[in-house]
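One structure is given below, represented as structure tokens, and several questions about it will come after.
Each chain gets a letter, A, B and C, in the order it is written, and its residues are counted from 1.
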């Protein structure tokens, strides 16, 4: 092979990349339940048997409900753990996600979206933006939401997720879709990172409920329960301060040819890949079109969109849904320019031609 | 023996276990929880496991168990304690991982998690407090409520046609291949308290020895929920619950 | 130049392979992708997944490019390899003008009619039967493809197989290589 180290470049499905990156980044555990289109995550782990190499725990749980509560407890004890699921399965996890957020428990949920609502379809969908960004669980909370647009990013974001979940004691969601999960691309997998030792966990997570260091410290209790309303409000305010800081520090997006753009497409995940084809075609035709791809859906790239809203003539948001992220785009743009929407849903995905035609219609 | 002699440390025959702090308990007078908490604290003390124990609280009256025992605790969502325990057992295999759950938590909303954790043979101990009623929420029907028993949501008594039958979770647990030790105990008399402690000790030892899952049911009182005095509650339990939920070991693989 | 392909430095080939589940459509696509990797190209492999895998129609979109691949999901193709009539009916209109259709006459009742694309026929099913090895069917097709659309060499395919297959199956590689070369011989231009 030319140019690359043959050992490291592999052809993988997005779901397989998630699994292989998990044990390479030193995740301690995976708990999950089969559901299309993400079952390859657990299947790949079962084939690769990381428990024999890195010591990573892999367990097929009895349900998504059990899976997320396993992640909850693992994170409470300071371990780096994850689950993966798809739309209806992630819906079942919302209580656990709210509990994790309420306790400040680190953990990762990989959500490989399909068309909904209900059982919907198993074909790719992006109609779970609201589920991930606004949460189906109770209470005021946010998860950090990462949106990979390639198989390489599926692998890379596993490392980013690990870093962010402990940095902020936050729930991280990798919001993907059936297309990115099922497609194969070239991937460079990360080098092996050792799992943290007990001593490292003690240093990094002095709050963790694992007994380490007892007696000699206060016992650690992981709970989201606080019967005293004023005290509970203080906890909420502390969470808000943390969220404000995350919004300051963790916004990520990719701007493609936006510097001189008269028109900007906003899209994430598979829709960004599709829209980029249309953008490139228009660029070749001499139209000044660019694209902003949010990488973090929460925190959302509001400032970048404000600037683009002031600069360009119109924005087009493209999603594989009936329009969920578009509301955040409109809120960020605050009427500085028109914000249009194009979407397909129910397992249908916008085609490059459809996006091109929509852009052409906006330009005229 | 003078009063001074009597209060000397070496002459102490009973006391608060060191892991039990002085936080006033929220439990009602006559409730069994306090006794079971004390047994758990004594055992962790005696087995020298403070730095190797993770307790998992339920939703129910024992939701605040974490206030009273100075060990690390995880508060689980309603019914999910066995899922939490499964994860912790896998990730901290040398630790004692136990859940402390009521009948609604374990036998109703968390039935799936309970059965699957036990069936996987997770090396954990489940302490199952069965008082045949939802105590925390104010005395509603539980999966273990007896036929004819009156509760806030079966005010005319439990009827099979309307409510189905009491669920024998411990009996079910005994049939699962993953369980090592399944026992039903009570804490209404000194003899029963001592037997209950022996049972929980065995369960803890099995967990540490990785022999599989262990479940100890404690048939318990809820004087408030049953609307009885503490003494009457003990009598009612002995007369009505023990015939239906007889005490003793249901399974002991060792 | 196809209208939708982008920033063509050197080459981009957008291929749809469609047939019945079990014909090796998805694995053929994978081998093409691996061969592309051997040429240090960008590749994507996008299957129609789900129940379609289990005996219904199966198709996969494979893109090989010197450039970054934007959309892995396409509504137009440079090349369509169709192995049954429903696949031909569905994808014939989606081949770009100047593009290529390859079909196996075994599964096709009404051959492609378009005059603005180059049509090839390969009797791979028949040839596999002659070789008494149904499993090389897709490798015959692959050989046919590489003959008319030389996006990778036979050597790339062999090296790709070496990478894609577990070592215990490496003894099958010579047989597959032979099938690829045979496929190159038996493909015929039809228009």
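In this text, a contact is a pair of C-beta atoms (placed from the backbone, for glycine too) under 8 Å apart; a residue touches a chain by one contact, two chains touch by 3 or more.
Every value quoted in this text rests on a predicted model; they were computed, and no experiment measured them.
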Chain whose mean Cα position lies farthest from subunit B: C
Chain pair, A-B or A-C, that carries the greater number of C-beta contacts: A-B
Whole-Å gap separating subunit B and subunit C, where each centre is the average of the chain's CA atoms: 63
Approximate Å spacing (C-alpha centroids) for the pair subunit A, subunit B: 39
Geometric centre distance via CA averages, subunit C-subunit A, whole Å: 34
Where subunit B touches two or more other chains, by residue: none
Of all residues in subunit B, those that touch subunit A in their complex: 50-54, 56-57, 63, 66, 69-77, 80, 83-88, 90-92, 95, 112-113, 116
Subunit A-facing residues of subunit C, complex: 3-4, 6-7, 30, 33-34, 37-40, 42-47, 49-50, 69-76, 159, 163-164
Interfacial residue positions of subunit A with respect to subunit C in the complex: 1-4, 6, 9, 11, 36-37, 122-123, 178-179, 182-186, 270, 273-274, 276-277, 280-281, 284, 349, 351-354
Subunit B-facing residues of subunit A, complex: 28-29, 31, 57, 59, 61-63, 65-67, 69-74, 76-77, 79, 81, 95-96, 99, 103, 208-215, 219-225
